[in-house]
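One structure coming up, written as structure tokens, with questions to follow.
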Amino acid sequence: MSMTTTDAELNALYSDMEARHLMALWRLEGNIMPRQPSPRARPWLWKWHELYAIAERAGSLVPVERGGDRRAIALANPGLAPEPFVTPTLWAAVQWLNGREVAPGHRHTAQAVRWIIDGCGGYSTVEGDKVYLEPGDLVLNPPWCWHDHGSDADERSIWMDGLDIPINNFLDAGFFEPYPQEQQPVTELQDGKYLKYGGGLVRPAWEERKEAYPPVSTYKWSDTERALTNLAKVDASPFDDVALEFTNPHTGGPAMKTMTCWIQMLRPGIKTRAHRQVNSAVYYAHEGQGATIINGIRFEWQKGDFFVVPSWCWHEHHNGSSGERAILFSIQDTPIMTALGKYREEAYAENGGHQPVTGDFVAD
Amino acid sequence: MSMTTTDAELNALYSDMEARHLMALWRLEGNIMPRQPSPRARPWLWKWHELYAIAERAGSLVPVERGGDRRAIALANPGLAPEPFVTPTLWAAVQWLNGREVAPGHRHTAQAVRWIIDGCGGYSTVEGDKVYLEPGDLVLNPPWCWHDHGSDADERSIWMDGLDIPINNFLDAGFFEPYPQEQQPVTELQDGKYLKYGGGLVRPAWEERKEAYPPVSTYKWSDTERALTNLAKVDASPFDDVALEFTNPHTGGPAMKTMTCWIQMLRPGIKTRAHRQVNSAVYYAHEGQGATIINGIRFEWQKGDFFVVPSWCWHEHHNGSSGERAILFSIQDTPIMTALGKYREEAYAENGGHQPVTGDFVAD
Amino acid sequence: MSMTTTDAELNALYSDMEARHLMALWRLEGNIMPRQPSPRARPWLWKWHELYAIAERAGSLVPVERGGDRRAIALANPGLAPEPFVTPTLWAAVQWLNGREVAPGHRHTAQAVRWIIDGCGGYSTVEGDKVYLEPGDLVLNPPWCWHDHGSDADERSIWMDGLDIPINNFLDAGFFEPYPQEQQPVTELQDGKYLKYGGGLVRPAWEERKEAYPPVSTYKWSDTERALTNLAKVDASPFDDVALEFTNPHTGGPAMKTMTCWIQMLRPGIKTRAHRQVNSAVYYAHEGQGATIINGIRFEWQKGDFFVVPSWCWHEHHNGSSGERAILFSIQDTPIMTALGKYREEAYAENGGHQPVTGDFVAD
Amino acid sequence: MSMTTTDAELNALYSDMEARHLMALWRLEGNIMPRQPSPRARPWLWKWHELYAIAERAGSLVPVERGGDRRAIALANPGLAPEPFVTPTLWAAVQWLNGREVAPGHRHTAQAVRWIIDGCGGYSTVEGDKVYLEPGDLVLNPPWCWHDHGSDADERSIWMDGLDIPINNFLDAGFFEPYPQEQQPVTELQDGKYLKYGGGLVRPAWEERKEAYPPVSTYKWSDTERALTNLAKVDASPFDDVALEFTNPHTGGPAMKTMTCWIQMLRPGIKTRAHRQVNSAVYYAHEGQGATIINGIRFEWQKGDFFVVPSWCWHEHHNGSSGERAILFSIQDTPIMTALGKYREEAYAENGGHQPVTGDFVAD
């Protein structure tokens, strides 16, 4: 290295680099090679009463028709603005379908799940399989499968949509196609795929195990709740209490390649220990109430609320109630991390595993 | 090649080969490279009333104690005599345990399953997990797991044992060890592994999927029957009717590495089409009655009967009843065939898939 | 839906949504669910003589020391500005190390490969394994492995760095740690991992196949060139001519979980057919000259040039020379796409598979 | 249990069981559930000069033609008599093909490898791929592939055949079919599959990794020897010295599903430590001389000799020479054991890992 280097020479170098679309690593490294993740996404919480009121207004003001296709209201993480995404990889939205309404058919390469919040008579038809959407059901929509929604009753239906739109777009992998008609024909018996593939510890013996995505369409709440209750009798995780991952019965793996779905029961009085992970997750409070401490901030939630835990944030869950269970449904991008060699986790070591609480979440 | 070859020279050659433990392929080939399998094992059927009477007599005459460890009565395929095996790879037996009796603890590398036939109060403890044996339950015993059996009631228990003893011995892979005491301590909650791992479409979220064998101990009849009933509503195999394979929920694969377990419902009036496979199977008639045509011979069976289908034998199942379902449980060595690249199957093409029946099975 | 909806009501709704960090899908869909990918990354080309001149100036002006650690000059795709990334998922840079210089030790979760361009006496030490960097060698740097670089000669070394920094950061999965000293100790014999694991069709028999990343450190140019020459005698791809993927000998899969490396020989006179894929790739012209048509634009390249093909862009390669082979090295993010269920490809169907050329690339 | 049990009652029971093809476990258990394997196969050794003389005589006395198809002389383990098998699962034979001779085409489900011992001008054509058989080459013959052998020179060819005939037959999985003509047409360039797939650390980039069996036909001695020499510089196994397993480059796994192939160099003066495994192996001494101690008996071998190590026998290898390497090729049935959950191994713990030698092998 020359001892006569002058700022002018360096400036000339950097200017010439810029002109040629070149960048010096040594001027960037702190930013692009951080000591540890510092996610732009922020821990956040959306209150159900606000979400519901907004969705209801949209239900009366906005039609569902070609051009939009869906009356979905996305949770937009303030740290990711102006992107309408809840985490860098995940999209989460509340969808409102009025009674007797139809959301027209289409397909896309984004991978999707639906967690049913409320309503009766709503249905999804996915590749000819029509399933009714009942509260607590998890309904899958693997990539590039035709799907439309509708309602055979007067009541509105509400569900949570979880999609991998952000990572799908980031990877320049997004394709979308509208169905030529408003709705596809129903070609399977009602609940056909659930009846065929939902047996759990058994599978149709004559079929090959070859599915990239679960062959079952719906995970019924009655099955899920029974499994939670059974698990609660014998074991729990110190970090997540009574936690189950929905699986692909053909592989034992997660429901989607970019997204896994969890159901957790926090038993009365439980305070889990804190840990952090290289993944991001969106939680929906399906039952009860409690609080989640994220990086020292207390997020209180009640039935219907949504909250998000970005990557590498310490988090622990509390069910403050002495008598009522709380149930959290979540979507998590963990399968991306494990597939790409990125997953890490760390337990919070001090103070019995509990973070000091430094404040309460306030929306800004 | 010499033109003067004489028989004497050849005989001298073969004699010298024999003395050196050498064999000429060209004198063997028809036998060791057959055009297609010609199994020594024979299709066979054992009647329940005979099995039961024998087992009951053994129950009163033969103690269960060190030296024997188990009061198991093996189905010995006449084609494999003097080996006490039901197929080249599989052992099947009826085990009788008197009320209040104990079958002492041991472990072995043979892989084992138990299908519960009758009784109440009998139990198996496998690696500290005590499960009660109820009719229609399938209980697993992965290799090298300590296990003992016992009864907390007065009634006798009867079950079918399915093990891979023949292939285990053929591979010189058999190890056995008695437990130092008569019984091992019970270390898990009753039904603990079923409650934890039997959820079906979900799994404890905090545990790695790494099990070579299913984490669940018991497949309960109530779950199995519900899955059969559900599947019957939507689909069936032309060769096996309403057929389910028991799976390892961590992988979607079979229960054991050498053995898979099936449960089949033959609906009233069903006659399946014939096919043949490179595998061997032992069937137990859990409910109803019917007939299986094996290589043209009719094997009539009723509840409690056992029958065996050797490799590459045409077979089809008939439920002659107009109103009653029939239920067949079976163990099959198919996982060996697929793991080693040996599996084949062929559908019977003529006569609508049905073999001409040339006779009825008669035991000799 | 009300018939009296007014713009005012809608505007109030959207304003209330915004205040609550909610977004309406129906106002976004064209953007977030495009009919097909429209990558921000642009096809681009960097000329070697410009790169070399810049790197040489940096070599004389900029020290390699703590704070920067590496004298790497990144190819910054103009479509992704201000990010210094070559594609959404990949980082590519030219690194210049003066003779006798040391680039200090560190480790990171980003996955890295090095393609050696020129020089003699340069080396990398990765987890105690010191390998000399010779032109045409591919050197691996799996995630979280300590590595430092140095030179035992007077000559400068130049190589291409390929890393997954962009996706690593996007996933909030980036960790970085400097080595406590300038360099780590060398603990293995020179070329130890190559000698042990580089056998190709054989592997050390006593070791388990369990490596997530290739056990071999270096793919030597002499081996690679021989394989290219052999393959050229018997087969080629219509889209990529004589193309080889570097593999993990323990699995047959790609070198990294987020990145695969290819070496391609375009034989004299070859014009490949066009296709497009959901992936992105950065090419380095290791030998010869030619042109690549990307979405109808002709990118002429010579030895030393770099160019990039973003996702879903039609591309075909031409070796215009009548007598000289051309060699392209590339890094591609295909393993991400296949792991996450995103990969697609399409052959260009018209005009014998060749795109109409509408212009020549001009840097702006 | 009755206190009045008499031998007469028991005898009557056992007689009735026998008549019904039933067997009492408690009368068998010592035999069918042994404490540890006690293989019927015996450690054995065949001397090359005897094998060669026998094969040469067969070459002059016995034609190769339809009916026999192959002039193969099987190593018949005396412990398995009258079966002509070298271990329970493996067939090993020496095959002699006269110059200008043809061994006609056929295919079978048995999985086969050939290790070339001597000769020049011999070839195998496997599914249209004709490869010349050169000493030290390993040639694969996956199941159900058409193959014929021939000679384009005057010299005889000699090779070792390794097949899984015994397990194939045991599983009733054997199919065989003669080719309609004497020889199949050659459809690939000479060495085509080696040139295409033999690159080692690279693979044709446009092909899917989907092969159940290696895509490469031949593992050339020059490649193998180089890998051995390289490995010897850096590492070795205490039990097997410089040992390489031939791999399927598409998976990193063994060459066949039922058989793996090893090449081992015992460096001058090396005495490996003893261990035992649940597997069986047949060794061919390709170079040098030495001794293998099997269960305390010393088996001295020289170039050309074959010997067998049955399951669960202690074994260690000695190269007594002070200056010459010894090379052992072997086929081992380990993939069966690992696929079926049967593999175990144990190191000999006493005396520095070396067994006391109690005698020398003498053929009986």
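Labels for the chains are A, B, C and D, by order of writing; each one numbers its residues from 1.
One rule holds in what follows: contacts are C-beta pairs under 8 Å (C-beta built on N, C-alpha and C of every residue); 3 or more make two chains touch, one makes a residue touch a chain.
All of these numbers come straight from a predicted model, not from anything done at the bench.
Between chain A and chain D, the least number of touching-chain steps is 2. When chain centres are set by their Cα atoms, the one at the greatest distance from chain A is D. Annotation: 30 Å between the Cα-based centres of chain B and chain D.
In whole angstrom, the spacing between the mean C-alpha positions of chain A and chain B is 43. Spacing of chain B relative to chain C, judged by their CA centroids, is 53 angstrom.
Listed by label, the pairs of touching chains are A-B, A-C, B-D, C-D. Listed in rising order, the residues of chain B touching chain D in the complex are 1-2, 5, 9-10, 13, 16-17, 20-29, 32-39, 41, 44, 46, 50-51, 54, 57-58, 60-63, 67-78, 84, 88-89, 91, 93, 98, 108-111, 143, 165, 167-177, 212-213, 256-258, 278, 280, 310-312, 333, 335-337, 339-342, 344, 363. On chain A, the positions that touch chain B within their shared complex are 188-189, 192, 194-196, 198-206, 209, 216, 219, 223-224, 226-227, 230-231, 233-235, 237, 239-240, 243-253, 262-264.
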